[in-house]
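A, B and C label the chains in the order they appear, each numbered from 1.
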């Protein structure tokens, strides 16, 4: 379990971030609406911390991660990285700031260019951003491979020649190549075998300690988030429902959606497990192209009131450091 | 890779023998007569004599093996004699019914025209198609993409005999810019004769290039689209690479894998010539040779040209497979 | 000043002198470009027989005599045409003597002699050579060459019209020195000779790309001074009649386009291009319907189907055949299919004029008359408008080769016949199958597994004897002959056979003409076995700047290419 290393200084500030994907239909491909994948997010990430971002599939977690790194152009809002608004930088300026913010992807196979060797993949950003001699670069690549626990002898192999866990290590080495401050980990372990998951998570933690990294750790696995994150944000249908320090969130959740999620996590003790009360959510997640009016969770909320169906709840700090978007919390 | 290639080549021999036999059977079983196109003033007894002198009435199997022997024994000997001055004994060469001259000589004579015009059009087609495919995919659903899709649809669905005649009417008849009939005797020896060659090649080349480009640009576009949404492209962007590097190095190189194979697989059709286009512009290449041979019931020519196409198809299939292995490190033949 | 004037005058004078000299000079008009939409495959007409090959070769190799545009014989390599009057033909009609003009040279400079003429016959009559023109030499017993300029042809039987061997584009003289190693089975091995025969004609082959293009240059040894006017020829082959017409009349890329088989309206439209002019002429080609005199019913066993054993159940009745002919609207067929290149015809032998029977009865369509005839024949109108007799419908199958004009004709004639209560089932077959002689194919025109069929035929030269004798009983295709034979409709009349024999024994032109007319009438207006439709002419086009073109359907179209010149 990671010690709270956060310095309290804000590294990334996300403010009212919206990412809408237009829907085109018909003969002339007219725009008929939007998929509101991310619809008004505001949060901070502090230097040195790990912010966990959890939610069901399709709730907009990955989109958030990509939008924060400006892999998508956000529809609205700002993402400021050390005070620079990444969301509105010119492409050239953006390119210069890229080395400082990196990403680790869910599918370690797909994220590596199949026609490049491991060495080339890791070295490419170095060529682009650093003026190094060939030897220096090679040394750096070897260092990075060592750092992520890969045999440097594999430098000339292609990604398909590695196992899933090894590929994820390559992905991490690649992300570390330019010595970033901030890494978005987009479900980095979801595609791995359970036995490998722990290794990769531990590697991420070790690297964080060694290099003072800041993570946005996206996952649908509550127990993994509980393990790695300092603070946790819970997302539902493009919005954050609740954001709180890990301990607070797991011991004293305030939002009915958080409660329902937590009630679904099995407990290792069979006695407690037998008496565990589960809140089963009814119905399906509404379509993000047509979210409900009012609170987005109202259609499935076990305690929803009339107000919830008409007025969108305010994002408020209920307790110090604990933010909730719910009328009834 | 080498053993794989050799094994494939060895396997191709029985395949090709079988193909030639089937082609021969199909040609011989279909009603055709080398004297069918002669004027009716030539009496039936004379026609029978002509057929006899051509060996047309020999038993089927005899004709097939004679043809095979001529193709794999006699003709290589002739070639050796010409190339190295050897003096092999040469039997009866394979003779075309229509021209009473060796079939292989006819084919060799036709190859330059076909390569010049149809080959150039293929190269031009690829050169047009690749950038269009890239831009169309990169700016999917943009105006450029819509226009590109529209033009590709036209190139794909409007037959070349239509576009060809349209171009002739416009550029030859109305404007008088380009000749409507290709001059196969033209020799390029200086700047002005080169210009003439370009002028006479423009129309047939463009008609065919449009058709080829339509096809390849669609492959290029969809392959690019497949790759543009891949995570490794995001990785490349996250690395802070320029958009140019991302698209032209990462996406393009991966997208070219299927496109290169399609290009290789379609190459034999270059030799087949564009039958129709050659006819429209009178670029008398291999395609026109084949058409006339079919019309004239010229069995040896039809058979040989078709079998050469079959050989090319088998060969380019192999080349496409090998290229795939070269381009895509995930594929290994061992 | 005066010096300058003198100089100028001198220059002008020499310029005049030069142009004057040019007018006489061989090759003064540069290049002429000819396009044939069927590409020549070989330049040895004896090994091909195709029109495109014969005509392209006719610029290089020449016969002793040619037919002119009026079908009259013109001496080419000889002093005169042998006749009974000038003693060139002996009284017994068995010996013909040709006197070669002195001084004629092959294009390689060697003298042209009687040995070359005799060799040509030897070449074509070789049993293993597969010579396409061997019929031209039928009946020759031997050829004697007493001196280099005399050729004496001896026939075993009297030959009353001995103008087939060595006459016309199909039978030119080839050089003995070039072809003597190419006899019989060796003929195809002489590719160089077959692609570039040495000739006496106005041009010499410089390169030949089979099925594509021929280039030629003026023959320096051509017998007439100052001819040909053109120094070089490009003879392009291939494409379509449409492309040829366009290249001559619209874009002006070519000077002469052969045989523009196009819809009349298309030719008119092209002529508006202003670069060239369509020209037409008529010969002996007749588009006709042949009535099957035998029963082609598929219910008959193979070997008896369409043979004389089973007369046709419907068409054996002369009244039905006549009614079918009367119902056809020939002027409409001409208008739609041929325009200026066609005229309605009722004769099988419609030319030359001396042999043309006075037969115009079919020119006007007569639906009422046709109906009356069918009524008389016992075919009564049925409920659905189709006539019936003894419970059997009057239904005919009608086949021809695949060709846009022929399919138009089928549609029009089907409608004409429907108007008199005859139902028609149309069929068209690829030309190479229909005209191919494959005895195993049920779809050849010789097998005639249909009730009526349509095609065109003509005869070479100006004498119809061989053409008319095709319709004797023994020439009917049948299983015993391997389905070969020219009497396609299986017409069989003892009287006709007798006339055919008589024609072969008659030398007097007037009597021959009377006999031929009689035979023509027996086949057409008397029996309606052959129903002629259209006398098909030839349309070609030449550039407006090309002079000297005289379209000739009796010989090669390029017969007088030596006279072609560029108009100033």
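We adopt the following convention: a residue touches a chain if its C-beta (ideal position, glycine included) is under 8 Å from a C-beta of that chain, and two chains touch if they have at least 3 such contacts.
Nothing here was measured: the structure is a model prediction, and the numbers come from that model.
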Chain nearest the overall Cα centroid: B
Most distant chain from subunit B, judged by the mean position of its C-alpha atoms: A
Subunit B and subunit C: spacing of chain centres that average the CA atoms, whole Å: 38
Separation of subunit A from subunit B, taking each centre as the mean of its C-alpha atoms, in whole Å: 53
Distance from subunit C to subunit A - Cα centre to Cα centre, in angstrom: 88
Contacts with 2+ other chains: residues of subunit C: none
Residues of subunit B defined as touching subunit C within the complex: 31-33, 35-54, 92-93, 95-96, 98-102, 105-106, 109, 168, 172-173, 176, 179-181, 183-185, 279-280, 282, 284, 288-289, 292, 295-297
Contacting residues of subunit C [partner subunit B, same complex]: 35, 39, 41-42, 44, 47-51, 127-135, 185, 187-189, 191, 194-195, 207, 209-213, 215, 234, 236-240, 243, 246-247, 250-251, 253-254, 273, 431-438, 440-441, 443-444, 446, 455-460, 481-482, 484-486
Subunit B partner contacts - residues on subunit A that touch it in the complex: 24, 29, 66, 69, 71, 91, 95-99, 101-103, 105-107, 110-115, 124-125, 128-129, 158, 160, 171, 174-175, 177-178
Residue numbers on subunit B that touch subunit A, as the complex places them: 141, 230-232, 234-243, 245, 250, 253-254, 257, 327-330
